[in-house]
Amino acid sequence: MGMNDFKRSLWVFHVNTGSCNGCDIEIVASLTPRYDIERFGMKLVGTPRHADVLLVTGPVARGMDKKLRRVFEQTPDPKVVMAIGNCGISGDVFYESYNLVGPIDKVVPVDVFVHGCPPRPEAIIDGVVKAWAKLEEKGAEGKKGLRKPVAGKAAEKSGGTKSAKEVHGKSKAGGKAE
Amino acid sequence: MKPDAVLKDLQKKLGANILEARIAEHAEGGKKKHVAKSIWVKVGKSAFKDAVAELCKMHPNIYFAVISGCQEGDIVELNYHFSFNYAEPGEEFFVTLKVALPKSGLSLPTITNLVPGALISERETQEMFGVRIEGIPDPRRIFLDDGFPQGVFPWRRDETGPQKLVKKINEADE
Amino acid sequence: MKGQWCFMAEKETMRHGKQRLDTGAGRGDEETMQHAKGGTSFTISIGPVHPALKEPIQLDFEIEGEKVKNADLRLSQAHRGIEWIGTNRNPIQILYLAERICGICNVCHTLSFCRAVESIANIEVPPRAQYIRTVTAELERIHSHMLWAGVAAHELGFDSVMHYTWRAREKVLDTIEILTGNRVTKGMPTIGGVRRDFPEKHHKRILETVGFYKSIFGKLQDMLLHDPVIEARTRGIGVLKKEEALALCAVGPTARASGVKRDVRQDEPYAAYCDLGVRAITPKEVLGEVHGDVFDRIAVRLAEVAQSADIIEHCVRNIPEGKIVFEEKPIKVLAQLRGAQGEGIGRLEAPRGEVFHYVKMTGQEAPYAWKVKAPTYSNLLSILPMMREAQIADIPIIAASIDP
Amino acid sequence: MIGNIAALAIVPVAGVAGIIFGLLFKGLDRVLGARMQARVGPPLLQPFIDVKKLLMKENIVPQNAVAWLFNAAPVAALCASIALLLYIPLFGSGALLEGSGDMVLVVYLLLLPSLAMVAGGFASGSHYATVGAQREMVAMLSYEFPLAIAVVSAAWLLASKAIAVQAFSLAALSAFPLWSLVGTLGFVGLAVLLAVLLFVMPGELGKAPFDVAEAETEIAGGVLAEYSGVNLALFYLADAVKSFAMAAIIVAIFLPWNATAMLSISDMWAGAAAGALFFLAKVFAVMFAGNTFMRIALARLRITQVVRVYWGYASAAALAGLLLIAAELVLVV
Amino acid sequence: MFGMAKELLRQLFKKPFTNLFPAKRAPGSVKDFLKAVGEGKKKLNPPVPVPEGYRGKIRYYRDKCIGCGLCTRVCPAEAVVLIPEEKKIRYHMSRCCFCAQCVEVCPVKALETTQEFLLADYKKS
C-alpha cells in the first residue's frame, strides 16, 4: 500500500471561489466521454470528506477564503490541492480589486498550478500527471511527507492552528439529530 | 405605445418635475437596420416614485432591468432602466429614469410594491452606493459579504469608496 | 414562520427573507447545515460549496421532513467587483474582463459591452462583422444549452444523458476553437466589429456542425422529453406562473417557459437578427400548452438548439462580403474612444436571457460608470416562488432550471 | 454438511471470497457503465485500489458525532453482509451454514447493513447525513414489502409442490428449480417475481435510480457524507459484499441450475470449477440487469416516488405474480 | 425511453469516444513512463489537436521588441510589463488570459501565439 494506490484512486472535490465558470466547465468536461478521467481512477465526489484532491478555481472572493480553508481542513490527509486557471493563480484579469483575497495559494497550500484561461481539459490532465509525479517523489520520501503534501505554512498562517476535527466540530456544533 | 407618446404622456403628468428629457436613436443591423430608440428622462427626487407609478400605469407588467449609476462630486446619480413593449417584435424600447441625489439626502423610496422584481437591484444600490431605499422589504446585503467593512461603498468615488480595500493580487508571485 | 413565496398576493408586504435578518447576519461562514430551530424543521444551505451548484451562490432552505418551507438567497460569494475594475481600465481591456464575467456565455457580455460603447461613439459595425457576431453567439447558445441539458440531467441523477450531451457538445466546442482560437473564452467581438474572419474553408465545417445537431435532435428529444422518469421528476415541479414571471422581471428561457413571448432577438433586433425575423419560442409552440415548470424549461431550451442551428445555417449561407471591423488598429480605436462622451445601453439575448450593459463615458479612457446585468440577476428572484412546495430532491433541478 | 464449529473457521474465508468477488463485480459494473456512456471507464480492479487508498487515508470523526456508534456502524454493516454470505448457496455448492438458517433469516440479514448505515448516518451528527438516514429508512420500509412477497411466493410454491422439504430453506429453493415445477401461468408469475426482485435490487443496494439516501447532488453523499478513511472503506466493502449476496440470493431462488449436473462432469474438481464459473456468470447476468443497466438508464427518483414505485407498482406486480402462481396451483393441482 | 436504452446498449459494443491522452491508464510510475517515451519504447497518445490559430502561450522575441509599450496598454491582465530602463517587456504566463490582444497590437511582431497549452506546473511562472 503506498503512493501508487493513492495515485490511481484520486477522488476529486471541486471548489469554486468566484471564478467565471470557464474553468469549472472544463473540469466537468474532463469527466465526460472525450477525456474521461475516470480511466485514471478519478471521480468527482460530493463531500470533501471523501476527497483526495481539491480542484480550486477562482480568485477567492471575500468570504470564500474561510470556506475554502474549511473545506481544506475537512479533507482527510493525505491530499493534493490543484489550482485550476490563471485567475486563481495570480488574478488574471481580476488582478486588482477590492473584494478579492486571493490568489488561492495565499489561502491554502497549492501543489500544482494549472495555467490557462481556461486550461483545456488536457491541460488539467497534464496537471494530474504532474501531481502524480510529485506524489511519487513524496512517496519516496516516506509516508510522513505525504500526510501534508505541502508544508502547511500557508494554512497555518491564515487558518490558525486548530486541527481539522476541532474546526469542523465547532462549525457543526448543535447539529445533532433532534 | 410609441416612445414619443410615452414621453409626452410623462411630461403631461409630471410637468415641471421633468428636468430633462431626450429620445436617443441608434441604428444597427446586418443588411437591414433596426433603429433602437431609448428615452432618457431626468426627474426630480420628489417626483421619482410618481414617475415610476405613471410608467407602470402606461404599461402593465413593465419590465425593470436594473439600477445603474455613478457618483460625481456631491451628487449620486441613479438610473432606473425600464423597458416597454417587450414581447412585441421590433417594438421594444428602453425608458431610463434618472434621478440625482445630493449626498446630504441619499435616500429614495422603494419601487418593489410596483415592480417586485426590483428587489435585488435595490439591495445592490443600498450596499454599493450607500443610498437608503426607504421601505425596502429586505434591507440585507446581497452581493457583498457580511464581513465586508461597513461604511464602504464600492461604487462611490469619494472617501467612502473602496480604495483602501483595493489589493493587487498578482504581485504576490515574484 | 409561514410561507413567504407569493409575491403576487402579498405585493405590499413582500417580506421575503425580512424576518430572517437576525439569523442571516451571524452565520457568514456556515455553508453546510445549520442549527435546528426546534421541532422537526431545520435549515440547510445549498452552495456555495455544494456539489449541485457550480455557481458560488448560496440558497438557504428551511426544511421540514423532505419538504421545503422557506427559501432565501445569498449571492456574496461570486462578487469580484468587476464593474469597479472596469472603471479603471480602457475599453479594449474591458473586452476581456467582460468576457470573464462568465465563462459560459462570454461572447454575450463582450458583445453587449461593445454595443453599448458603439452606441455612445456612434461607430458603425460592418455587416459582415454583424453576421460573424451572430454566428458566434448562436454557436455559443448551442454549447450553453447542451451543457445545461447535461447539468440538469446530472442533477436528476441521470449521468448517461449528461455524458451524451457533453459528448455531443464537444463538436461545437471544436468548431468554436477553430473559429476563435479557444474552446471556451472566445475573444471574438471587439469594438466596432470582430477580431477574426471566417475564411471560406470554415463554412463547410460550421455547416457540418449544424447538420450534426440537427441529426441528433430527435435523439435528444427522446432522451429528455420522452423519458418517463425525467417527466415524473420535472412535470409540475418548480412552477413559475406567467404573472409571477412578469412581476419578477424574469428573462430568457425562464420567462419563455412560463409563456412570456420575449426574446431580445425578436423585440429589439440587433446584429444579423434584423435580417432574420427570429421569434421567441414558448412551450406553446413546442408542446402545445404552457405549464411553466421545469419540463417546459427543458423543452424550450431544446427547441432553441434547433432554432440556433437554423440561424447559423442561414447566416453562413448569406454572409455578406466586406470588412470585419471598422478600424483595425486597437490603438486608434482607443484614441477615437477617448473623445466619446455620453451614455449607452448594450443588450442582447444570451442563452440564459437578457444581458444588459450600461456604460457612461466622459472623455476619459476608462468608462466613468459601467453596470452589468447578467440574465441570472433577473431570474434569481424567480427561484423563490419555484421552490414553493418543493422537496429536497427537487431543489437542485429547480435551481439548475434557471441555469444560474 | 459442516459442523457449526468448523463453520466458524470458514467465516473469514467466506468474508474474503465475498469481498474479492464483490469488488470484482463492482469493477465490472463501473467498466460496463462507462462503456455504455461511451467512455473508457476505470480499470477493472479499480475498486480494490479505491479500498486500499481509503485504508491509508485519515479517519475523521466529527466532533459532535456519537463516536462509538459512528465507528461501530461500518463494522456492523460489513459483518452483517458477510454473515449474509454464510446462508446463501455460492459457487454452485451449498451454503456454508446450510440447515441453520432459512430465507426469513436471510431477508433480515439483508436489512442489517442498511440499518447500520442509518445508525451511522444519525450518529454522524450532520444534517445531510440525517436526511440521508431518514430517506434510507423510508426506502427500506418500502422495498421490504415486494421483496417479502416475492420470497414468500417462491417458498409457497415450493412447499405446495415438493412437500418433503423445508420450504423456506434456501438450500431447498436452490435444489428445486422453480421453473420446472410450474406450467405456463406459474411461469409467467415467476417471471414477474424475478422482475420484481431485479427491481428491488437497486433499492436494496442504494443504487440509482433509487439512490435517494446517498444522492450526491441533493444531500452531498447523504448518510456517508461525514465518513472518511477506514470507516468509509468498510462501508464500501459492505456495499460490495451485499451486492454480491443480493445477486446470489436471486440466483439461488430463480436461477439455481447447476452446471456440474447439466454437463454431467464427473471429475470432482472440474465439476466444482464449472459450477463456480457458471454461478459467477449467473450472478453477473443478475448484476448487469438489476444493477448496472438500471443505474445507467434511469434518472434518480424522488423519495416519494420511490415509495410509490415500491409500495405501488412493485408490490402490485409482486402480488400479481403471487396470484398467477396461486391460480396455477389451484387450477392444476 | 427505449431510445435511450437502445443507445446505451449499442454503445456497449462500440469503441469509446475517449481520446486516450496521455496514456490509457495511470502509469505505475510517471518518471519511468516518461523515460520510456523518451527512449521511444512507449508512445504518448497526443491530445486532441489544436487548430491553427489557437491562442496558446505567448512567445516573446526579446530582440525584436522596440519597447513601444503598446502591448502593455491593451493587456487586460497586466501580464506584460514594461521595463522602461531596458526598453523591453516582461511576460508573466501565470497572469495571462491568452486573449492575444498584445499579439495583434505589436507593430513589430515581437509577440506571437503558440500552440502550447499544457502549462501545469509546481510553481507560478
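By written order: A, B, C, D and E. Residues from 1 in each chain.
What we mean here is this: a contact is a pair of C-beta atoms (placed from the backbone, for glycine too) under 8 Å apart; a residue touches a chain by one contact, two chains touch by 3 or more.
In this text, all values refer to a predicted model and were calculated from it rather than measured experimentally.
S.K.: Counting C-beta pairs in contact, which comes out ahead: A-E or D-E?
M.R.: When the contacts at D-E and A-E are counted, A-E has more.
S.K.: Taking each chain's centre as the mean of its Cα atoms, which chain lies farthest from subunit C?
M.R.: D
S.K.: With centres defined by CA atoms only, which chain is the most remote from subunit E?
M.R.: D
S.K.: Where the CA atoms of subunit C average out and where those of subunit D average out, how many Å apart are those spots?
M.R.: Comparing mean C-alpha positions, subunit D is 44 Å from subunit C.
S.K.: Provide the C-alpha centroid distance between subunit A and subunit B, rounded to the nearest whole angstrom.
M.R.: 40
S.K.: Based only on mean CA positions, could you tell me how far subunit A sits from subunit C in angstrom?
M.R.: The answer is 28 Å.
S.K.: Can you list the residues of subunit C that touch 2 or more other chains?
M.R.: 28, 32-33, 36, 42, 51, 76-77, 79, 81, 84, 93, 96-97, 100, 160-161, 163-164, 167, 185, 227, 229
S.K.: Could you pull out the residues of subunit A that touch at least 2 other chains?
M.R.: Only 8, 32-34, 36, 39-41, 45-47, 59, 61-63, 87, 90-100, 117, 120, 172, 174-175 qualify.
S.K.: Residues of subunit E that touch two or more other chains: which are they?
M.R.: 4, 8, 16-18, 20, 24-25, 48, 50, 76-78, 92, 94-95, 97-98, 124 - these are the residues of subunit E that touch more than one other chain.
S.K.: Contact residues on subunit B for subunit A in the complex?
M.R.: Per the stated touch rule, the residues are 144-148, 152, 154, 162-163, 165-170, 172-173.
S.K.: So in the complex, which bits of subunit A are touching subunit E?
M.R.: 4, 7-8, 33-36, 39-41, 86-87, 89-93, 95-96, 111-117, 119-120, 122-127, 129-130, 132-134, 136
S.K.: Spell out the residues on subunit A that touch subunit C in their complex, using ranges where they run on.
M.R.: So the residues of subunit A in touch with subunit C come to 14-26, 28-29, 32-34, 44-48, 58-59, 61-64, 66-67, 70-71, 87, 92-94, 96-100, 117-118, 120, 171-172, 174-175, 178.
S.K.: Which bits of subunit D are touching subunit A when the two form their complex?
M.R.: So the residues of subunit D in touch with subunit A come to 30, 34, 37-43, 46, 49-50, 52-53, 55-64, 122, 125-128, 130, 216-217, 220-221, 224-229, 232.
S.K.: Which part of subunit D faces subunit E closely enough to touch in the complex?
M.R.: 32, 34-41, 43, 293, 296-297
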